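Chain nomenclature is as follows: A, B and C, assigned in order of appearance, with residue numbering initiated at 1 for each chain independently.
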Amino acid sequence: MKIQPEHQGEDKLLEVQDLTVKFALRKGILPAVNNVSFTLNRGERLGLVGESGAGKSVTGFALLNLISKPGFIDSGKVLFGGRDISALKDDEMRKIRGDRISMIFQDPMMTLNPVLTIGTQMVETIQAHRNISRAEAERICLDKLRKVYIPSPEKRLTQYPHEFSGGMRQRIVIAIALLLEPSLIIADEPTTALDVTIQAEIMDLLLELCEVHNMGLILITHDLAVVSQVTQKIAVMYAGRIIEMGLTQEIVTNPLHPYTQGLIKALPQAGPRGARLNQIPGIMPSLYNMPSGCAFNPRCTKKLPLCCEEMPTLSSRESGSLVACHCV
Amino acid sequence: MQTMQVAFFPWPANPKPTKSTMFAFIVRRIAQALIVMLVISVIGFAIKKAVGDPVRDLVGISVSVEERTKIADKLGLNDPMPIQWLRFVKNAAHGDVGQSFFFKKPAMEVIIKKAPATLELVFVSSILIILISIPVGIYAAVRPTTLLSRFLMGSSVVGVSIPVFLTAIMLIYLFAVQLGWLPSYGRGETVRLWGFWDTGLLTRDGLRHLILPSFSLSSVMLPLFIRLVRAEMKEVLEAEYIKFARAKGLAPWRVLLVHGFKNTLLPVITVGGVQLGTMIAFTVLTETVFQWQGMGFIFLEAVERADSSLLVAYLVFVGAIFVFVNTLVDIIYGMVNPMVRVTGRK
Amino acid sequence: MGRLKLFRESFFVYSFLRDPVAIGSFIMLLFFLIAGFSAPLTAPTNPYDTAQIDVMNSEMPPVWIPGGSPDFPLGTDAQGRDMLSTILYGTRVSVLIGLGAVALQAFLGISLGLISGYTGGRVDSILMRVADVQLSFSTYMVAIFLGAIFQTALGVGYYEDVAVPFLIIVIGLAEWPQYARTVRASVLAEKKKEYVEAARVIGLPAWRIMWRHILPNTMTPVLVISTVQVANAIMSEAALSFIGLGMPVTKPSLGSLIKSGFEYIFSGSWWITLFPGLVLIGLILAINLLGDWMRDFLNPKLYKN
């Protein structure tokens, strides 16, 4: 089922159609990402939100066809600039990775190879995609290091990752992502491993870079607060499916799905000072224990008998958002 | 199972690493090495006093008691112990640990003359180990489910259970006795380099004689190293930086060799250094089987003849080699792994 | 009887029975152990009894080769001793020394590891440095050195009588660092736990805390390395015997048998070396495989505790 949120007619950068990713486990072949569809236009920023295990990271990896065994893309398409990249062979896909689409991960200490210098890790990215000299590549590296506001970039190229603080490391990772001027960045929990004070800086940096270079951004996170300030669209995932999608403003002020409502209410800012934090009772079901019907029904306050039998599908509402719920 | 050597003096962690940290690290390791050498000297000295009879070494057995006491006094054998020990250390530092009564020559000279044979054997075996275990280990890590992989891993379990001398005997029986392709004892033709080093590497005959012994010796370590390389490679391949390298669009060979392999090297180097000790121990066994005229062979003869000076010479020389190689390995490790220099520990 | 039933139905037995390699090695090991220890009863001859040996019987091939005799099913060695009997007795000696040495190194290593880990400070530093250095020389080298030194000091004649305890001591001393390090690591982990604090607060003396409280919790890793160490000890003894620093030829272990048989492979009497060799390999392999299985079994479950 292809449903797109309404938008001005700009170039479609990325179009995901019914993407399903399955994992071949001992207990069977189970879907981690189930019929996920969304679109991203040039320069647009989308937040992919959900709890741990909802399938957001797997979706992100699937876009670049980086799912490692035992996972595999079962069905669906990923259209990048009109071209289906999910069906590409690996050496073709490699041309896109790091060049047209970049990805940054959660913990920069783990993302950067501890035994190689920053310079090596940056230059190799450039030289993997362009036939230019090392000197020229280094020039580009320095340029990007400046763009992420790293002081004295010349000295940095010969240093090792452990010689930097967490925030600096993530800036370097972002610089690497920018090296070949991609049109899309996929950021998987880019600030989760950082100190709270640094998180805001990094998010601001990302935002600024996306605006200046007109890059698309898919921000994968569980942090609704961050998403509400940075993105233009939000897709909320639960148990491998998108259960609500729409403009950020709309979702944050007027969430329709009971799960999204619970998430918004659970934000510390949402309630009065000193009051107890609101929780959504229960936990998200694991792949092995999916309830029948709507996956959220065991925790839902608005449950109808229908919810335990039939899986709701995404459909648009008056506000323009898409929701998968029987009760709304 | 295999231990990692830990730096002796735990320096407090220095948060701002500079060039001087590397220097401090090296100094630390060398100090540690010197202490170990001193301990070895104490043991060597103890052996000499307990077992050796320097008077006999010098003049033989058929000398009168008065003569012996006179000579003993002249040699300073009746001085207090600490003084004797210091004298021993001083002499040992100049390469003199006494006279081998069998060879009628300074013991150290005898050992050193036999050293090239053992060192060449160890050298060739090490090369074999590196050349075989790294590709096999990487292959087993990257393609774990193939029949070949399973076979290799299975045979390495069996390999660990076969003592080195049995491997040597089996190889001799197969290649020398039954097939007659390779010689079964001795070093073959050797060429003298630089006036003292008798090498078997430069003659075809010498190389032929090296084949069976070096394969036997390497067979001890191969299972261990293959498993180590494989285990490390597997762990490394799961790492985030490997995923990131792939996400950057790097070619698979680069991801494997540049990003993956360098990280595998670190534990392999450390284990390699420690394993040197076991290798030298096994040269004693291998040299026995192949009648290989190296240090181990001489050492066993010394034991049979109760030639204490030769024993001590072997102990000190081999001890020095151990300490030297271990220190070198630690320093190399410090250079390869930038994090070690900071905290001094792995 | 209740305990036996509990054991039989335990997860241990269950997962054991499902692993054919484990079962196979266990059977092989059991076979060797029984064969070895029942040697005085089951061996056709007593190879230590020089009266029974007739040098005219020397170098006879196994029974299935022309020239062999059913009196000597696996052939005879250069002195006319029956191979089967010598191998049986030899296995017994090898296993005895292996177990004895491991008992000694376990005792030494565990005690020192406990003390080192619990006391900490200078005692810990010194003990661990000694252990590190000893390990860097490799336990085989240490065993060879110790063997050589003792043998030179004691002289060869005296040697035969004390060979077995001598080997146990040498191998025991050579390998204690493994146990010490393992136990120390466990102790350090346990020390931080609350039950140790509680015991200290009550006023229990250090040795009691170590013995009754900490020690039981360090048993798992000790068990895991023990099987490997037994295999190692048997290998060490075989190696020492092979170079002449171990069991003498008159009271041979498997290693000495291999040594004495070695020269004869050139003259064609391959069985003198092969059979003891096969038994040795089989013994070590069985122990190693069982050890591997036990390590896998103990690892995920009990380490999580």
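Operating definition for what follows: a residue touches a chain if its C-beta (ideal position, glycine included) is under 8 Å from a C-beta of that chain, and two chains touch if they have at least 3 such contacts.
Keep in mind that this is a model prediction, so the values were computed, not measured.
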*Closest chain to the protein CA centroid?*
B
*Check B-C against A-B and say which one is joined by more contacting C-beta pairs.*
B-C
_Using C-alpha centres only, name the chain that sits farthest from chain A._
C
*chain A to chain C: how many Å between their CA centres?*
57
*asked:* Need the CA-centroid distance for the pair chain B / chain C, whole Å please.
replied: 25
*Can you check how far apart chain A and chain B are, centre to centre, with Cα atoms defining each centre and the answer in Å?*
53
*Where in chain C do residues touch two or more other chains at once?*
none
*What positions in chain A touch 2 or more of the other chains?*
none
*asked:* Which stretch or stretches of chain C touch chain B in the complex?
replied: 128-129, 132-133, 135-138, 140-141, 144-145, 148-149, 151-153, 155-156, 177, 181, 225, 228, 231, 235, 238-239, 242-245, 258, 262, 265-266, 270, 273, 277, 280-281, 284-285, 288-289, 292
*Which part of chain B faces chain C closely enough to touch in the complex?*
1, 3, 5-6, 8, 36, 39, 47, 50-51, 157-158, 160-166, 169-170, 172-173, 177, 184, 274-275, 277-278, 280-282, 284-285, 288-289, 299-300, 303-304, 306, 308, 311, 315, 318-319, 322, 326
*Can you check the complex and tell me which residues of chain A touch chain B?*
64, 66, 68, 90, 94-99, 102-103, 105, 107, 110-116, 124-125, 128-129, 160, 162-163, 173, 176
_In the complex, chain B residues that touch chain A_ = 17, 239-241, 243-252, 254, 258-259, 262-263, 266, 336-339, 342
